[in-house]
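Can you keep this structure in mind? I'll have questions shortly.
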Amino acid sequence: MKKWGKAVSFIMAASLVVASLTACSGSGETTADTTAAGETSAAAGTETFLIGGIGPLTGSAASYGISVEQGAWVAIDEINAAGGVKVGDTTYMLDMVFEDDEATEDKAIQAYNTVMDEGAQVIMGAVTSGACIAITPLTLQDGILQITPSGSAEACIANDNAFRICFSDPEQGRAMADYAIDSLGYTKIAVLYNNSDEYSTGLQTAFEEEVKAKGGEIVASESFGADDVDFNTQLSSIRSTDAEVIYVPAYYQAATYISNQAKEMGMEIPFIGSDGWDGVLGTVTDASTVEGAIFSSPFCASVDDERVQNFVKAYGEANDGAVPDQFAADAYDTVYTIKAAMEQAGSIESEDMIAAMTEITVNGLTGDAITFDASGAAEKDVRFVEIVDGAYQYREE
Amino acid sequence: MALLEVKGLGISFGGLRAVDDLNMEVDRDSLVGLIGPNGAGKTTAFNLLTGVYEPTDGIINLDGVNLVGKKPPEICEAGIARTFQNIRLFSQMSVLDNVKVPLHHHLSYSLAESFLHLGSYRKKEKEMDERAMEILSVFDLDKQADQLASNLPYGKQRKLEIARALATEPKLLLLDEPAAGMNPHETEELMNTIRLVRDRFKVAILLIEHDMKLVSGICEYLYVLNFGTELASGKTGDVLNDPRVIKAYLGE
Amino acid sequence: MSLITGILEQLINGLRTGSIYALIAIGYTMVYGIAKMINFAHGDIIMVGAYSLYVFTAILELPAAAAVILTVAVCAALGIVVERIAYKPLRNAPSLAVLITAIGVSYFLQNTALLIFKATPIPFGSIINISGIRLGNINISGVTLVTFVATAVMMVGLTLFVNKTRAGSAMRAVSEDRGAASLMGINVNKTISMTFAIGSALAAVAGILYICQYQSLQPTLGALPGIKAFVAAVLGGIGNIPGAMLGGLLLGIIESLSRAYISTQLADAIVYGVLVIVLLVRPSGLLGKQKTEKV
Amino acid sequence: MNKTSAGKTPAKYGKIVLNILITLAVYAVMMVVIQGGMLSRQMTSIIIPCCINVMLAVSLCLLVGYLGELTLGHAGFMSIGAYAGALLTNYLDMPPVAELLIGMLAGGIIASVFAVVIGLPVLRLKGDYLAIVTLGFGEIIRSVINSLEFTGGAKGLSGIGTYATYKNFTFVYIFVILTILLIANLVHSRHGRAITAVRDNYIAAEAIGIHVGRFKTMAFVISAFFAGLAGVIYAHNVGILKPANFDYNKSIEILVMVVLGGMGNIKGSIIAAIILTLLPEVLRSAADYRMLLYSIVLIAMMLFNNSRFKLAIVEKRNLKKAAEIQKEGE
């Protein structure tokens, strides 16, 4: 009785698959075009080097992946316009395929395999920690160089072939704790973090440990969930303590709600935050709610620096005037790191590039002289940004 | 000793006394009618006997076993099966499966055998099939064994419900308005079937019915309910001529 | 700050979120009561309401009052359209099919908004400029006050509408027995359409207040309040309008108090735990009518 | 619907043989394409997720299709199995296949234990109320896992051996077939009939001696057991578990497979699970439009399945069948 319906359902599903396959081949043609363009230039003595990008393009974390993809393209276009990457006698033009992992682990594996199918020669990703950890066994097995722009959990770079551009969560948390106590002079600190997010909990744990180790006091440690928008309860609890400052290791969406509601409640306790705060000025309705907030950030789009401003300009031109965030900057630096590794290794083999990683120094947007240690972590100065008169500003040491 | 003994049975819903001080006896292999005007509490009495409601007072004994406080499945196991006023079949199952469901009391196998279809599964399933077909053939339903129960015509659905109840191998079968919605011809046929069931399955039958032709035609003994209490009881012919009963039916 | 004011403040916080849940739950429960379906897309109508308000005020720069009226109209129309296209053909289908369709509609609305407005949150300034009041140490914002009042007015108004007007009695008749209602000359299709229009208009109001409260637009903004409001509606007894209000406020308070005094991490678990316990003790919710199947 | 003639007719044996042949043929084809490297890596990596979703859909099909109860907490049981299994295999030090076997057994059993504890009180509720309460339990399980220390909290549980990849396809396939076989067998047994009877009319079922609560719990527990197994395979396929991945959206995803598969139709569930797992991969290039398309397909399928058009087809088929039966009768 249900068979007919099933048959028709199949036909519908199948036609959808076919339709999408044709859509697939459609986009396949466009990639074919670019490779064709690559081939013509190959005739002139150049080849193409393909970066495989992995990150969320859909789902709740989509904005991070989109930033990474767009930031990477700025670097790629810049490098190609300047004549590509010279490795020995060959000049390589960079190209990139970027696959969506929805910031989930299982999709990341499929995204990784998809970029490998398309011939990726180096992996940029994944953007989020969980997804990044999920693909590390596979990249190790394939022996391919993996550089994550923003996977901040420690396990992301557990393997020898994996490196990262951003700070690890514990590093950043500790750095903020040191800064809060040593430079800002706070002793009684409240923490408000996202307990369903490994980034936020990673920062919170390290921050609290470091504060206690330094003799400071955590007077409140409040948490919230993934899609929470109401923080009054937690803020009320914090207000009933004698906290001098609130540390909010979270992304700017949550920071927007929190600062707004704190102001509405008439709270006057200042905020300190993590690099996820970058972008908060774009989402608050009233910049005065975040005035004076200080957060650790490797990148700030509004600083008066020629390279940064060039990047912001190029990014804006390519993306309808969008302002790049730290994810975009991390991706930009990732591409330049890849370039440096290729040049240093004098080879495009992953094995050689991995060996070259610890020997390079990258002058990037997120650090003036980024180097990598054997563990795969980037070494660069921690910078702190303050919101002054509704604009980001680096804190002077 | 009577098969079913009911003494002082009663139930209240809030302040309303739906059944009050009901006393009944049903003998083995007998055919007893329970009649009364609409709202007299007949179906409630059935629900009390089958454990759908727990009586607030009184006793129900089947074969000397007290049934008060038992749940419907336990009462079924004790030996009472029933049909419903508004047919309740397993409508998305086949006619055959409708009758096979209750058979598992007597032809059982373990969950492991269900999962693996090994051990006595095959043998027991075959026995179930045979037994079910045997019961279906009594009701002339064996040809429709593979059909969906909901696709049967109304009269046959009523019959299937009786067949399913009989598959539990009850000592007492309760029929709730078996002739409802039937035409005279179908009713005639149903009367024969009920008699046949009693003789073939050696089961006592207690039935609720409004169709006086059916009641007078097959019932040997009658209980009359009115406003939840017993109005009259006795041999069918006597009761139907009782002026109190006539009054209750025709109204003041 | 003393413990008492602390608790009082958390109670107010609870009422603040609770009244938004209640407002959404009232619409949820009304649609359920009459159309007998879980309109999973109800939360996303709120999102549509929020974005409509944004378009009307921030982009088209209409005056606030006009924008509010237009927003309510857009959502009511959307409610009718969704019902006509997606739910009406399924009037006699199993409830699971309707539920899946509603989930489909929810995904559809979310992803359409995602394509148009993108995932990055859009800041939105409140259009309600009423100053709050201060009770000792406790600050109650203007938006919160308006939400309170709006929720109470909606609940009373809707209860009166359903119980006292002709259209309301038609709704109740459809809710009791669709077949009988149509035999009595009630236009069932029209009544259900009207139910969806009113329910979606309520969602629009909820969306407006929500966005004035939280001031940030995202395509998924309706999902979580939608689920919470659904829980609230069930807690109060689904289909029962005062029950939805009670459920919503209770949910907000339980959430707030358990966050403040038990564990922020387990607050969600506690909320659902309370729901489970209430349903086990009263299977039809706090104010729901107990229904027994007639044998 | 289900042809159940007395005894095992030749036709029935033929069906069994056909099923065995299909099982072997699918296996042979899969082995050839995997060993022969005929599939792209993308397609290779989707094989095990397909298997996992088939197990989830078939196990939920028992609940939704045959018991007729709508539950929205299936991902909860999957996560319990996944975490239990992964914690155990992380602790064990044995050959991968042995670890995996023990992990699966533990995952399945612990998921069923939770199902008993949750099911006993909860299954007294019906319909929409049961749906919301199971959704609630799913969320409770998730937030508890999220707040516990030994599960890794929000950071997730990582370092799980990736034993259940396509390289171990044979192992996973055996469990998929076992899941399908055991549940299909159960459905065609006295227990399965009792479960279906409860769905069709629980009052009548009680009246003919079926302990409704017992069979509901049984179905709930069996379903949770297989969801737990699937969870363990998931854990050892991905290598990292995060509570966020087991929210109600995951439960809905599985439910959609069962409903599109035609509810109470195991074959349909299998095929729907495979299509719905493949679809997002095939639609990768459509990125932004993927979920939009998915939602439109979902609505369209539901509308079609309940449309007059479909009804006409069914009626025509019924008439034909009735005519056949008439003929047989003569």
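Think of it as A, B, C and D in the order they're written, each chain with its own count starting at 1.
Operating definition for what follows: contacts are C-beta pairs under 8 Å (C-beta built on N, C-alpha and C of every residue); 3 or more make two chains touch, one makes a residue touch a chain.
Since the model is a prediction, treat every value here as computed from it, not as a measurement.
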| item | value |
| --- | --- |
| Far-end chain from subunit C, centres as C-alpha averages | B |
| Most centrally placed chain, judged by C-alpha centres | D |
| Mean-CA-position distance for subunit D and subunit B (Å) | 39 |
| Length of the line joining the C-alpha centres of subunit B and subunit C, rounded to whole Å | 48 |
| Distance from subunit D to subunit A - Cα centre to Cα centre, in angstrom | 36 |
| CA centroid of subunit C to CA centroid of subunit D, Å | 33 |
| Multi-partner residues of subunit A (at least 2 other chains) | 58, 195, 225 |
| Residues of subunit D whose C-beta touches two or more other chains | 1, 143, 146-147, 203, 288, 291, 305, 318 |
| Set of subunit B residues in contact with two or more other chains | 52, 84 |
| Complex contacts: residues of subunit D adjacent to subunit A | 1, 40-42, 44-46, 49, 143, 146-147, 153-156, 158-159, 162, 234, 237-245, 260, 262, 265, 268, 271, 275, 278-288, 290-291, 293, 297, 300-301, 304-305, 310, 313-314, 317-318 |
| Contact footprint of subunit A on subunit C as seen in their complex | 1, 6, 9-10, 13-14, 16-17, 114, 119-126, 132, 139, 141, 214-216, 218, 220-221, 223-224, 255-256, 259-260, 264-265, 267-268 |
| Of all residues in subunit D, those that touch subunit B in their complex | 1-8, 182, 185-186, 188-194, 196-197, 199-201, 203-212, 218, 264, 318, 325, 328-329 |
| Subunit C residues within the subunit D interface of the complex | 32, 38, 86, 89-90, 92-101, 103-108, 110-112, 114-115, 227, 230-231, 234, 238, 263, 265-266, 268-269, 272-273, 275-276, 279-280, 283-284, 293, 295 |
| In the complex with subunit D, residue positions of subunit B that touch it | 50, 52, 71-73, 76-77, 81-82, 84, 88-94, 96-97, 100-105, 107-109, 111, 113-117, 121-122, 124-126, 128-130, 132-133, 143-148, 151, 164-165, 167-168 |
